[in-house]
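This is the structure I have questions about; it appears just below.
For reference, chains read A, B, C and D in written order, and residue numbers begin at 1 within each chain.
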Amino acid sequence: MIVLMNAGASPDEIGEVVAHIEAAGLATVTMPGGAHVAIGIPSAIPPDMREPLRNALMAYSGVANVVHVSRPYKLASREFRAESTSFKVGDALIGGPDCVVMAGPCAVESREQIFAAARAVKDAGATILRGGAFKPRTSPYSFQGLREEGLELLRDVRAEVGIATVTEVVDPGDVESVAAHVDMLQIGARNMQNYPLLTAAGRSGHPVLLKRGPSASLDELLQAAEYVLHHGSSRVALCERGVHPLDRTYARNTLDLNAVPILKEITHLPIIVDPSHGIGHAKYVGAMARAAVASGCDGLIIEVHPSPREALSDGQQSLDPAQFSELMNSLRRVAAAVDRGLA
Amino acid sequence: MIVLMNAGASPDEIGEVVAHIEAAGLATVTMPGGAHVAIGIPSAIPPDMREPLRNALMAYSGVANVVHVSRPYKLASREFRAESTSFKVGDALIGGPDCVVMAGPCAVESREQIFAAARAVKDAGATILRGGAFKPRTSPYSFQGLREEGLELLRDVRAEVGIATVTEVVDPGDVESVAAHVDMLQIGARNMQNYPLLTAAGRSGHPVLLKRGPSASLDELLQAAEYVLHHGSSRVALCERGVHPLDRTYARNTLDLNAVPILKEITHLPIIVDPSHGIGHAKYVGAMARAAVASGCDGLIIEVHPSPREALSDGQQSLDPAQFSELMNSLRRVAAAVDRGLA
Amino acid sequence: MIVLMNAGASPDEIGEVVAHIEAAGLATVTMPGGAHVAIGIPSAIPPDMREPLRNALMAYSGVANVVHVSRPYKLASREFRAESTSFKVGDALIGGPDCVVMAGPCAVESREQIFAAARAVKDAGATILRGGAFKPRTSPYSFQGLREEGLELLRDVRAEVGIATVTEVVDPGDVESVAAHVDMLQIGARNMQNYPLLTAAGRSGHPVLLKRGPSASLDELLQAAEYVLHHGSSRVALCERGVHPLDRTYARNTLDLNAVPILKEITHLPIIVDPSHGIGHAKYVGAMARAAVASGCDGLIIEVHPSPREALSDGQQSLDPAQFSELMNSLRRVAAAVDRGLA
Amino acid sequence: MIVLMNAGASPDEIGEVVAHIEAAGLATVTMPGGAHVAIGIPSAIPPDMREPLRNALMAYSGVANVVHVSRPYKLASREFRAESTSFKVGDALIGGPDCVVMAGPCAVESREQIFAAARAVKDAGATILRGGAFKPRTSPYSFQGLREEGLELLRDVRAEVGIATVTEVVDPGDVESVAAHVDMLQIGARNMQNYPLLTAAGRSGHPVLLKRGPSASLDELLQAAEYVLHHGSSRVALCERGVHPLDRTYARNTLDLNAVPILKEITHLPIIVDPSHGIGHAKYVGAMARAAVASGCDGLIIEVHPSPREALSDGQQSLDPAQFSELMNSLRRVAAAVDRGLA
């Protein structure tokens, strides 16, 4: 941690800051500058002391800024674990040599619909079925999902079609029952900083797909992952799904593929990309899925509906089975060009 | 709802869209344009049909965009209720002629601290005490609040000092017990789209202070309020607390005071402003509090700590009691200049 | 300047960085941390060496980041000049005890229009007339201004009505002729980083009103001001006019009033606020103008048109003379509440 | 154009709006809605009438919003020209079947440097050399480019090494001399809305590489292109180079690859991607270059410096010749996977 003093900070002001730090049992190195003095803390600062110390120092007169040198997350960092994390969800290996494709409808709508979707995406080569039972919807008047009935359909389709499943959980009280029905828990973008939910998901020990919030920095995403890791699940995959756009004339979000190579460097967790929410219109999903694979991601999550025009949600960004099958063929070629397979 | 067709849309493509709408029992008006055709739906569309219909139409070839003409919220709109909503929280009237000031520490830290804070803010003229028992923190290693013990301290301080209270709730399962201890439930910015929480808060019937998310549009904020209203609480105040900033060199967020006059026009709900989070440094809070009052808001929520340097969270943006008292004096003058009192 | 090394940086990597800095004639202080090493440069770094040095150091392996400790501007900083800058534009004193009001139409459209506007805003108490002769327009098919004819009308109206004038300049080649016709040059938001224009404006020695770009940080704004100051004009006022909004459903931009108290602290230059562009609709301009004055700004620039419905540009955000006169009355009260006058 | 009235708009208010439109010689279709009335204008509206008419209508009481149905650009649209535009710059064909690679240093620094860079990028397979003679720099104290001397070096290197050239122009007064020395004019992100510069570039008839501004929407980018097209150059390529990021902890900008498939659909102009500025660190440039090619762009512009550590600008994001050569090999594989060559 480094404390930057104002240019006009007096020796007394500097002394008070140094005294505060040393009273906390930490060493200091004072670095006189041309205009500013900087005070460094070379000691390792315990995680639970970071924020209170920064807050306290920011409240001193003469302090311009307090900068953390080390990252605000630990378990999620490459420094903590150099080797890339991989784990199985059903038969799919996330974080391994192949790109994993998760696909399916936004919401589970009926037995017929989810079975048709599962068969179609499996036939095209996807290894994990997505489908929402609990839908977080912007309006209280929109379809909110089939809830428990949806979970049961996901359990049935997994058994009968033979495909792993991922579904969103929105209430900490539902984590246990959702985990009993599907292979992987999704925490959606709007819940990325829902700490009771992150904590419950971590405690379940179940695999978690954690989506980045629409204005979350990568450090905030990794701190959200830190909650899950800290509370007990080591099987976490991160998902980039687009950040708040400059405008929505042509796209729903701005897919931030910069996140892929950066996250691959700073964390050992696998990185999944959601091109469907990331751009928001079916006609553009293919291009962004190919770009994501070329950028080095470990997997994709793509919305596929047996009949997009009849979808109860996200129809405009869902592919139909024929489009998805064609996309999978093109993705195999791009994956091969970056020495990956597709699974 | 208006469907804009692409410039090159064929009569067949237009016909299919018209047929879809009419099959749903709605009328259409086709409007030939210079280049584009627009298809209007003059009928009132039931709320639960809005999104599915838009999704379905977006999935037709030839459709460029589908635009909602009416607002996506109903109970929260001025059109639904022309008269401004006001309600009491303890003795304070929110949404009335006076600006209400809520003040207190970020977190309840101890009996001494919360009692000292309560007395200080009451002495300076605030009528509602804020203080967090459940703290949503970016890092799992930061102080998470005193939880149940914090609620009990809030119940005690209300009784002994005689001041209304507001505190944040983060888990739907806690709504009932929080409502039993304080006068108003706060739903924080990170939980603005936590629908189980909004639903539980609505069902409690308790007054709710709903904070705007850091990248939420005003329509998204009002749809979040719609959840609370729809599920049974009519006593909702909206809180502007800053949106995601261009950078964080000098401020933690960008306080969006544009929201005040706009919300006052489009909704009947009272508007509170949080200058502490909105700018993030104690030295600037006064200027932004004065600006908020001048912009026409119905109240402020301000972080005040008996000793900011010792605060376990948000110390850098907390005023001490002397600074707060001085600020209240200047706020009274600004409020008077826009024909408001301060309570 | 502080160089933060990666956690795994080797002694060799650290040694190479130290050697590079010392070869440049600068001292180093190496600060061993818990996980990371930081290398401080306590010497003053000449301004023209800042960026090349940072670039060079960023290119070394093992370097995580290079952070400037001192601000990237000098002449614009409070550290360079503690006293607030004030200067006269015609009879108006910008940066003095009173808030200055600049008002007038977006564009000069005709002799009748600009004379009517000048008389109306002067009658209501404004001391500087705004009006564009060269209009930067998003579309090449929009009205581009009366150009030289507009300048002549501004020269005439100043002489006959007796009011100072400000107008935008968009081409470095026009600076001289514009300066010959008006009292203050405006550099628009879209040209904030047009360096030939900033340089030409600085060399003219004329007063300059510099608007913040829609995604410019305050440091970028101050560096743009630094160009003008460095090239010879010391009479620069900064203008906050709104940053890129989250969406444009209700407002054209997000007026960032946080900029006012922050800029007042870090720079000696006067701060003007443009509520007309900052919110973009006439009905909300009054609230934001009052908020701006309460936040501590040194002046306002407001669009006023004799007949907004007939305006060739920005009609939707222009006040008519009666609305402006009423606004001025309310602004006087708010200014008094923060111990300012209105001029 | 469609005028949306407020829910409570009176018949008189509606009548005044209709009368205004019809007085302008345009037809109207009034569409009664459940709550709102919408007034459509099915006539084609002349380009120069669009904005004044919208402004005028926005100023009427009872009007909630005025929405353009047709796009705000014409010459740049696919509707105007269905066939994709391609043109030659030196021997390179931009917009043809192959992806074109432009590469070279941020700035021309010396004869040795630019010749070494040109030979290296040509050897690796690039067909256009980039290099700045006039550098727009955030700080007036940074290196501003070799200016005329830089142009002469670009002319010499083109002749001697045999490679086409592109360089940035920042002042309308320099367009002619820059065009005399290089094959393509670059208009930088900070000048995207510098209309005198766009106009001068258009009038030169020279090929233009137009970079998107950091907070510019795609409609704003296309309107900037419209200036160049309208004033006489039909050879315009658009360049995505990253938009303003959520934060700058890990990346300088957010590369918006969504822009590629969207622009390919709505405009006939070729699309170039700049991964160097788009992410800002050399170690990540390769991943983003591959992603860009997979997304379907027509070319790349990449910063390559013979010795990045000694670069006077942008060293941290420049590849060295060996890294660039290796990147070209991987790009050929990705290009082949999407049925493109690399040139």
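Throughout what follows, a residue touches a chain if its C-beta (ideal position, glycine included) is under 8 Å from a C-beta of that chain, and two chains touch if they have at least 3 such contacts.
Remember, predicted model here, so these are calculated numbers, not experimental data.
Distances between chain centres, each the mean of the C-alpha atoms, put C farthest from chain A.
In terms of C-beta pairs in contact, the better-connected of the chain pairs B-D and C-D is C-D. Chain B and chain D have centres, each the mean of its CA atoms, that are 38 Å apart.
Per-chain CA centroids place chain A at a distance of 31 Å from chain D.
Taking each chain's centre as the mean of its C-alpha atoms, chain C lies 25 Å from chain D. Residue positions of chain A with contacts to 2 or more other chains are 215, 244, 246-247.
Chain A contributes residues 215-219, 243, 245-247, 249-251, 254-258, 260-262, 265-266, 278-279, 283-284, 287-288, 290-296, 330, 333-334, 336-338 to its touches with chain D in the complex.
Contact residues on chain C toward chain D in their complex (touch as defined above): 20, 47-48, 50-52, 54-56, 58-60, 72-73, 136-144, 170-173, 190-191, 193-196, 199, 214-215, 220, 223, 226-227, 230-231, 244, 281-282, 308-316, 318. Contacts from chain A toward chain C in the complex involve residues 2, 4, 7-8, 29, 31-36, 38, 40-45, 67, 69-70, 79, 244, 246-248.
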